[in-house]
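In the part that follows, the structures are each spelled out as structure tokens.
Paired with chain B in one complex and with chain C in the other, chain A is shared by the two complexes that follow.
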Partner chain A sequence: MPEITADMTLDCKGLACPMPIVKTKKAIDQLDAGQVIEVQATDQGSIADIQGWAKNTGHHYLGTVEECEVLKHYIRKANPNEVNEEKKYPLIISSDELQKKLSENEKVTVIDVRETAEFAFNRIAGAVSIPLGELEHRISKLNPDDEIVVVCRTGNRSDMACQLLAGKGFKHVKNLESGMSGWNGSTINYDSQN
Partner chain B sequence: MNTDANRMNMMTAKELTRIILAKEEIFILDVRNENDYNDWKIEGESVEIINIPYFDLLDGVDEALDKLPDGKKLLVVCAKEGSSKFVAEQIVDAGRTDVHYLEGGMKAWSEYLEPVKIGDLKDGGSLYQFVRIGKGCLSYMVLSKGEAAVIDTLRMTDVFEQFAKEQGVQIKHTLDTHLHADHISGGRKLAEQSGATYWLPPKDATEVTFDYEKLEEGQGITIGSTTLRIQPIYSPGHTIGSTSFIIDDQYLLTGDILFIESIGRPDLAGKAEDWVGDLRNTLYNRYKELSQDLIVLPAHFGKVTELGEGGRVMAKLSDLFLHNPGLNIQQEKDFRSAVTENLPPQPNAYQEIRQTNMGKITPSEEEQREMEIGPNRCAVHDK
Partner chain C sequence: MNTKVAIIASNGGLFDAYKVFNIATASAATDAEVAIFFTFEGLNLIHKEAHHQLPLPAGAEHLAEGFQKANIPTIPQLVEMAQEMGVKIIACQMTMDVMNLKKEDFIEGIEVGGAVTFLDFAKDANVSLTF
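Showing the complex of A and B:
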């Protein structure tokens, strides 16, 4: 299980509804779009409610881990003005093309630049987790000659990551079109590895 | 109800039950999440209900106010209570009156039992039905000369103990018509607590982990010093052991075999194909041979329209042969498809509930409550 880090942790243990959601709403207002909050709760009803709340507000519910009777919900704050930003990096690869490469065991490094919480709950098998914010200082661990495919949720963050890598002399970098939202191959999720 | 028009008032499940049975108008705002609401909600002929999840009302209740009729009794409902108070308070602050919240939320609603008297028995004694209005389950208590038997006891055993105490009777027997799959039986617990005997049909009890007395046809159970006999009638179909009871030659307790507007489903133990023949035989042959004047008292109702006067769920057997769609399927093959195809979803956690009723698992009170959430769905027509 990859480690999950959150930008903020909110303690709602022992609270009954509506308080976990009321507090989560207040807390998420203080985060920047794209940041992840971990909400710790003990009320079982909070699972369905936090999913419903996230769905209706547009925030991304990533998943819930239960540890010692404490539920840890992970939510990523949405950008209220989210538009499909114009992609600047020209080289893209489709979901089908990447699946073909992976199934034929081609040597390709899949780098997932989403937050660790997003990665933990749903990812492509064999992908390496390097959140976008950490890419620059972890770049020395990567080989500029490798074939690299960068993936995020929708293709925006990976577009920036591709530009960064190309600027540092990486020669064979491609952006996965539409990211995980367009990925129709198999994935690993939190449950399947436990 | 101590109603103060200008503040938020508490309403109990009992008060709500009385309102629904009296067909008084009430408007309900259910603030649970959409899935929970769609799965199961409060119903009644005089009930108007809408769903707006509380988490959509965190910034204020303006959105809700537009949809709430002014001048009608308003009840806000959630899973346990907290969120309904949170929303109701804001509605009161917005100037609305006659605003209530449901004490204990849907949890309390699911567990409330309304006792209604079905009738007197010939040689003294009486028969009561306990209507679990929120979940559609029915239990029965037969009282005779200081003794009582409880049939298809629900999990809330304290209700039966309290009622027996009020009536001055001692519970001597608890009986289950079959191994239930939609709710946790309180039969064993009530028997232990009151020093009574717990009876089960042996064919449903092959895997149980506890001692019980065998309910077998021809072997009557006596209550109140030979005054009253309960006659078991083997009537398989919903389960292989399903047993009906004739009480006082007047009443036919049909368990989950025959309901007022539907019939039992044969699939909850995973044997629909095997049991469909038994089900048809019970309904179309065995019940046909019985006195058609018997009053049918089932273990469930599916719709609030099945609730009669005062909440009673009962009908004459001859009337059911005329009007119940499940008793009017002429062709065997049509019957087979009606009870094995397009069945409603299975009750929540029904496998675990069966295991619990066999004594194989012992969930905590809270877990039992969670397992029972939702409608009963034991009839083929419960959609």
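Showing the complex of A and C:
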């Protein structure tokens, strides 16, 4: 089971509505875009509330894990420009093309550059988790001659990762178009491995 | 464009206060712009002394213990949070005159206005609520 790490942990245990939401709002204001917060709550209503809150504020709700009656909600702070950033890396691969390669057992390494919490809740089978921030110092573990497909949530972080890899002499790197948001193949999620 | 939430608070009990301030703080935390218009008994909810000891409805006094056990914030705490997050609090001038109340009788940071002050905010609100 992949480990989930968060940049900040917020304790809302024992608090009732609307406090988990109010405290989450205050806490997320302290984070940088792209960072992940873990909100611990015991209020069952917080499962629906946190999702509704994320939907309305534009932050990215990743999922919830329940452990010993504590709900751990994971949310990634959105970057206001995330959706509009210009793509620069020219080589892309569509969801259909990648699915075809995987189903035909072509030798292709899928690298998922999202945060570990995002990876844990929803990912392509066989994908390797290397958060974008760690890519540079884990690059020596990768083979520059391999065929590599990089994936993130929408295709922006993976675009940066592709440029980084190409700059280090990786020859066969492609960016998965639209990332997980455009992926229509099967995925592994947190529940299915419990 | 932010969501706008317009609330009228016209009752002065503890239940009313929680309905008003829970919705207000939750909305503000969800980046909505919130204004509450306090009128008639609703003025109790922002009255300096009264909002510390709002009454439970007749027959529901036994719930006082439940409020403590549920570990929910007090009304003054909720009011403070609401103000911190920019919830606009408007006291109804007309009712204040009728009840002989001054702006100084209320918590800090409120506005005093008439019906149009509220309507001006509420006319393009996405959510309008009356408690």
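Operating definition for what follows: the second predicted complex is superposed on the first by the 191 of 194 C-alpha atoms of A that agree within 3 Å, B and C clash if a C-alpha of one lies under 4 Å from a C-alpha of the other, contacts with A are read in each partner's own complex, and residues count from 1 in each chain.
Methods note: a residue touches a chain if its C-beta (ideal position, glycine included) is under 8 Å from a C-beta of that chain, and two chains touch if they have at least 3 such contacts.
Every value quoted in this text rests on a predicted model; they were computed, and no experiment measured them.
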Combined model on chain A: chain C and chain B, fit or clash: clash
Contacts of A:Val128 with chain B and chain C, given as first, second, both or neither: neither
Applying the document's definition of touch, where does A:Pro18 land relative to chain B and chain C: first, second, both, or neither? both
Determine, under the contact definition given at the top, whether A:Gln44 touches first (chain B), second (chain C), both, or neither. first
Pick one for A:Val65: touches chain B only (first), chain C only (second), both, or neither. neither
Please work out whether A:Asn56 is in contact with chain B alone, chain C alone, both, or neither, and reply first, second, both or neither. both
Quick one: which of 38-46, 74-82 or 272-280 on chain B sits on top of chain C after the fit? 74-82
In chain A, both chain B and chain C touch residues 16-19, 21-22, 25, 49, 52-53, 56
Given the complex with chain A, which residues does chain B contribute to the contact? 33-36, 53-56, 58, 78-80, 82-83, 86, 370
Along chain A, where are the residues that touch chain B in the complex? 16-19, 21-22, 25, 44-45, 48-49, 51-53, 56
Which part of chain A faces chain C closely enough to touch in the complex? 14-19, 21-22, 24-26, 49, 52-53, 56-57
Touching chain A in the complex: which residues of chain C? 3, 22, 25-26, 29-32, 70-73, 81, 85
